[in-house]
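Chain IDs A, B, C, D and E follow the sequence of writing; residue 1 opens each chain.
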Amino acid sequence: MQELINRAKELLADGTVARVLGWKAGDLPYNPEPAYFESAEELKDFVYNGFCGANLSKYMIEASKLEGKTMVCLKPCDTYSFNQLIKEHRVDREKAYIVGVGCKGKLDIEKIKKQGIKGIESIQGAEITDDAETLTIQTLYGEKTCAYADAMLERCHVCKGKEHMIFDEQIGESKETKDAERFAEVERIEAMSPEEKFAYFQSELSKCIRCNACRNACPACSCRKCVFDSNKFDSSQKANVDSFEEKMFHIIRAFHVAGRCTDCGECSRVCPQGIPLHLFNRKFIKDIDALYGEYQAGADTDSKAPLTNYTFEDAEPSIVGKRG
Amino acid sequence: MKYSYYPGCTLRTKAKDLDAYARASAEALGIELIEIEDWQCCGGVYPLGSDEIATKLSSVRALAAAKEKNQSLVTMCSACHHVIKRVNDDMKNVEDIRTRANNYMELDEPYAGETEVLHFLEVLRDKVGFDELKKKVTNPLTGKKIGAYYGCLLLRPSKLLSFDDPENPRIIEDFIRAIGAEPVIYPYRNECCGGYISLKEKEMSKNMCEKIMESAEGFGAEMLITACPLCLYNLNKSTGATLPVVYFTELLAEALGVKDEVKKEVQAS
Amino acid sequence: MSSEKKQAEMIKEISGVNPLKCMKCGKCSATCPSYNEMDIKPHQFVSYVINEDIESLVNSKSLWKCLSCFACVERCPRDVKPGKLIDAARQVVVRQRSQDYLKADEIPELLDPELPQQLLVSAFRRYRR
Amino acid sequence: MPLENKEFKPKIVAFCCNWCSYAGADLAGSSRLTYPADVKIIRVPCSCRVNPMFILRAFEKGADGVIMCGCHPGDCHYSTGNYYARRRMTLLFSMLDYLGVENGRTRVEWVSAAEGVKFSETMNSFVEKIYSLGENVRLGDLRCKS
Amino acid sequence: MQRIGVFVCHCGSNIAATVDVSKVAEMALMEPGVVHAEDYQYMCSEAGQAKIAAAIQEKGLTGIVVCSCSPRMHETTFRKAAERAGLNPYMVEIANIREHCSWIHKDMEEATKKAVILMRAAVAKVNLNTPLQAGESRVTKRALVIGGGIAGIQTALDIADAGYEVDIVEKTPSIGGRMSQLDKTFPTLDCSACILTPKMVEASAHEKITIYTYSEVEKVSGFVGDFTVDIRKKARSVDMNKCTGCGVCQEKCPSKKAPSEFNRGLNTRSAIYTPFAQAIPNVPVIDREACIKFKTGKCGICSKVCQAGAIDYEQKDEIITEKYGAIVVATGFDTINLEKYDEYAYSQSKDVITSLELERVMNAAGPTHGHLERLSDGKAPKEIVFIQCVGSRCADDRGKPYCSKICCMYTAKHAMLIRDKYPDVNVTVFYIDVRTPGKNFDEFYRRAVEQYGVNYIKGQVGKVIPQPDGKLLVQGSDLLDNRQILKEADMVVLATAIEPNPDVRKIATMLTASIDTNNFLTEAHAKLRPVESPTAGIFLSGVCQGPKDIPETVAQAGAAAVKAIGLLAKDKLMTNPCTAQADILLCNGCSTCENVCPYGAITYEDKEVNDHGIRETRRVAVVNNALCQGCGACTVACPSGAMDLQGFSNRQILAEVDAICR
């Protein structure tokens, strides 16, 4: 972390960048938030640890409009999002000084709490430089421990890899955290009977409160105005006429980002209701891979997206019924 | 190359030698034919009726057994090939038959036409390759003018069997070339010999066989080969056998130089 | 439904053939190797089914003269496939017990030493229930 | 839940492209090839004009089945529209299937202007399927248990 | 709020017999925005249109719904009627209660209910309609004809005679097409070349016609009135300006083994060749596949013997880019491949030939110099069998489901000509039906039977059986005598099905012209617009649209020319205003729409926007209305809904959905 701060100070000092986009400590030990830093002074609040899950690439849309360059800290998985935004002309590569930061898996406070660890005062072992396999947590009720891997976000268990897809320089080591199959959960649902699938999604989606946190965090959901807020489809934000709208919202949101979603997992991370929203996007990714060839959004900036592409021999929609 | 082998009733009883030739040739070609356990007779005729289920089950059993081993199913006999391949197609494409047959079968996993059904000639053409076969021939049948007799069951209906061009086939001719002999093409090679009716309508099938023989002879054939034991019997029986008619496995064994050995064994047993 | 109509429906059902597709080109009859032995010719099978004259059909010699060689099935340009109709009519007959075309007691005299197993098997399947 | 005695009359929306399928439906009409009145056709210029939102909206408003018809792949009046539509619909239908919605409620069929017979056959079989599936309950409400 | 008038047409009894039209009108009055509703016998009649006009003026209507036949039939009629009464034509919507309702339903109550719903959907849509203004585009006064057969030549001549420039693009080295391969033509038995050659000469001499032979259309862009076409002029290896057409090169060329396309492969030609003696232009091409010089680098004899120095081995393909206002497709046909019909032994015997091959055999310039002889041994045949419907009228995938239309007549012609010239030759025709609708056609066929004694047998042939002695045994059925026939023949002629030229698929794709399942180009209306493609500015001439004989082809060629002339005569065209439009306030500038636009109609520009007080420069999509054809692909690709389609807007379609599901 110190190395990052030092580098940020240098870049600010020599005028390479006008500001730094990173994370600053929050009011709790586990809720750092994205922040701009414009001076060495401000950088004293800079943090980078296991709780810095937020994907900063989306902030670069606005930062691209600002005067001067912005140093942005991107984890390997965030760089996919950044590439995708370049492809869609939403960010200006020239306005970004990308520091690829190392990552050893990001933490999910909910997972820690689920282990019965309450009244958290401080957490050790979440620092990025730390090799510790274990988190040591001071609570009101004394010291607790928790294995780092057990506290990791779902997305880190299916990590796309340690490589930064785009960067100006790299700081810090990354660690392989993948220990699960990316599509296992999707496959588990696919194998259910229609009744089970329906029951599963019904129970998950009934938690939705339409807070739009998923939409706000999603780097692909970066429309100036969401269709659900505009009157173009008579779907503008209003009291839901019926419960169908939630489902429509999530299906359409997934559809709009299909072929563009890098599977960064922010939607699920930020959902206050803990709905596994990534399972919608990942279903599309799985289908796209199977039907139209492997495709990883954000792996490059110039390939044709699956939904703006076609082949003469593409599968017919009836394949859905035939897959059994 | 390992295959599930379905010998069929005739090659198991009256025509053991044809089976023995086939096995010996296969061995010479590095093909392993593993006989399906407890196979049952296919019935010899494909039951056309869309409501026939019971008559299709013996084929389904054999197919499911091959599937279990993840092997293709190979037959030497055109009738078995015809019946099993068509039943397989039913299992793959006709939902009603598939459902009902599976209800009878009580397999661990329902069978849905996954197995590939091959006539041994197809194995030679598509898996071994006739060029490759040619290289393995030690005793080429040079100079022999042979007429291929296809009959009906191998070729028709062509859409289902997708074996060869039903009106102008070439697989047996290519086979004949591969074993060093010269094929004679004659127009009656895909006309029926009347095998199925030869039990009750002897005169009719005799007429048909004679037409075939005459045509082959007219175009200069010295010998006919066939891939169907019923045709073999009928052509030999119903005509004065003006031309010798032999089974393709016998010639194959001869060309591969294993025939005499097999002959001895069969006679001994 | 009259019994003839029922039988006609049954033949259509078992065979899967729609006789109305026939354009009466006669290619089946031009193809059939047993043509001269048949009293009802292959192309006529279609009209017998359409006209529901099943009585004549099931009493026809043609049922037993058909070789099941599928030549008419292969060459029919209209996807009618008269061979399937003939087979279905034969089924209608042999499914009635007493109608077996091959009687058990006539088998021994038809046998000869080289007769392949499959001929007997297939004869049973074609002629008997 | 539908009343037991009430006869089920499905609502079925058919999106038809102007150049092939709408014309195919016209041909079915002028050839007097019947299909159930439950089908109502909406004319769109091309199958690629059909937004997944239209389909979901139809279900939201109580449709029991939605079918989309376009020119055969390769024959699109705008050359490539139906290729995009094909991918979009495949993914959408797969998603609906994933959510546990009976996939028989959605269908895509390519019908040319010359295929009046196919149009009517398609509609007949689709309506039959919808009758067999019954009223659309799931798509109407995924969130709350009724 | 709109003021909408609903007009329900009885269409005589076509609608009114099944739909309670007055009920529909009555129900319409309950719909939002509807201020007027009436029903009438024939809405499309002058009186019907007058009713619409009167209502527009009297009730101040702002929108119209006509419940009638398909919009494909009368949308334009009603739009024009509305326009005459002072209403924007795009404020008119049609509810199709005939083709989609009355004609397919029997139960009056059910049909009426459906008609009401279709009316509601149309009303819901009109409520959201906005007046649209058609733009204008210019017309390039030049036509392109693709294909240089009789259809293409006739179309080109007719257009050129009207004073417009025409280019003909022909794939082969000469114009003339299939007709140049024919010997005689029915039903008058004129010599084909004698009537075709003058037309070929006329076309080549016409000052308004440019002929590109040995050329293909490579790329088409643009739209009606303003197409841009790339034509690939393949390297001929002969300088067209220098060549005198003396023919010495062809004589001296040592490579003479290439199969002659013109003679259907029945004999061979030299590597440098003109397809036939009367070829236009009379300039040979070098077949580089066959040429020794191109294959080995050695030879060059043609260059040595050419006094004009016209041979140019270095010549390269050339791309010519030209603008056209109209394009006529006249790509013609070929016979189907007989590979799948080997029961007729076509690939097994040289004496089994197609009818087109027989044309060449009977032609004095053909492989046998016009002598009727067997191609296997040159012997004169004594018995000839013709087989009809080979590959036509087939329900399976071996052949074609349609009737090829010309075979009955040309077979009668062949039979007659053979019997006339060789009275000792017996001719038998196996037929399924003899179809002779046409002026003097049946009389012609009867002459073949009555005057020339051609033996017609009703029944198909099952198999042609080559015999060891070279004869052909024909096994067929005689359905009238109920017998199977075995007939020994010396030659068998197959009336092979015709199919559209295989290139037409590629061309149709470039033109975005629709094609049916048999690869015939689709006409805009089967009865009322038979020579126009549904794609504006594309016209159809000859067999590319459907099987037809020479008189019909020439008639259609003329009709296509008239339609093209009608277009070229205009100085400006009204463009379809139903195009895409980007809402720049919503546009993300992501380029997704650009990626799916088949017309390149979308570009991105940096534009100054004022988004609720925020002024900034944004990258936004801009639609070129002249290029946009209104497919809507972009509207769905756009995630933010910035892209919408005028006339088929998201809200309009959703309103229809809602109305139907209500």
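The rule is simple: a residue touches a chain if its C-beta (ideal position, glycine included) is under 8 Å from a C-beta of that chain, and two chains touch if they have at least 3 such contacts.
What you see is a predicted model; the values in this text were computed from it and never measured.
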- Item | Neighbouring chains common to chain B and chain C, by label | E
- Minus chain A, touching groups are one piece
- Higher number of C-beta pairs in contact (B-E or C-E) found for C-E
- Query: Centre to centre, by mean C-alpha position, how many angstrom separate chain B and chain D?
  - Reply: 48
- Please compute the C-alpha centroid of chain D, do the same for chain E, then give the distance between them in whole Å. 30
- Rounded to the nearest whole Å, what is the centre-to-centre distance of chain A and chain E, using the mean of the C-alpha atoms as each centre? 53
- Message: For chain C versus chain D, what separation do you get between their C-alpha means, in angstrom?
- Response: 43
- Item | Multi-chain contact residues (two or more partners), chain E | 343, 463, 596, 637, 650, 654
- Message: Among all residues of chain A, which ones touch two or more of the remaining chains?
- Response: 227, 233, 307-308
- Looking at the whole structure, which two-chain pairs count as touching? A-D, A-E, B-C, B-E, C-E, D-E
- Task: Over in the complex, which chain E residues touch chain B? Could you list them?
- Result: 339-343, 345, 347-348, 463, 465-468, 473
- chain D to chain E touching residues, read off their complex: 11, 13, 18-20, 22-23, 25-26, 28-30, 32-35, 37, 40-46, 48-54, 57-58, 61-63, 71-72, 74-81, 84, 88, 112-115, 120
- Task: Quick one: which bits of chain B touch chain E in the complex? Just the residue numbers, please.
- Result: 165, 167-168, 185, 187-188, 215, 218-220
- Item | Contacting residues of chain E [partner chain C, same complex] | 343, 389, 393-396, 398-399, 432, 458-463, 475-479, 482, 484-485
- Message: Could you list, by residue number, the parts of chain A that touch chain E in their complex?
- Response: 65, 88-90, 222-227, 230-234, 256-257, 260, 304-305, 307-308
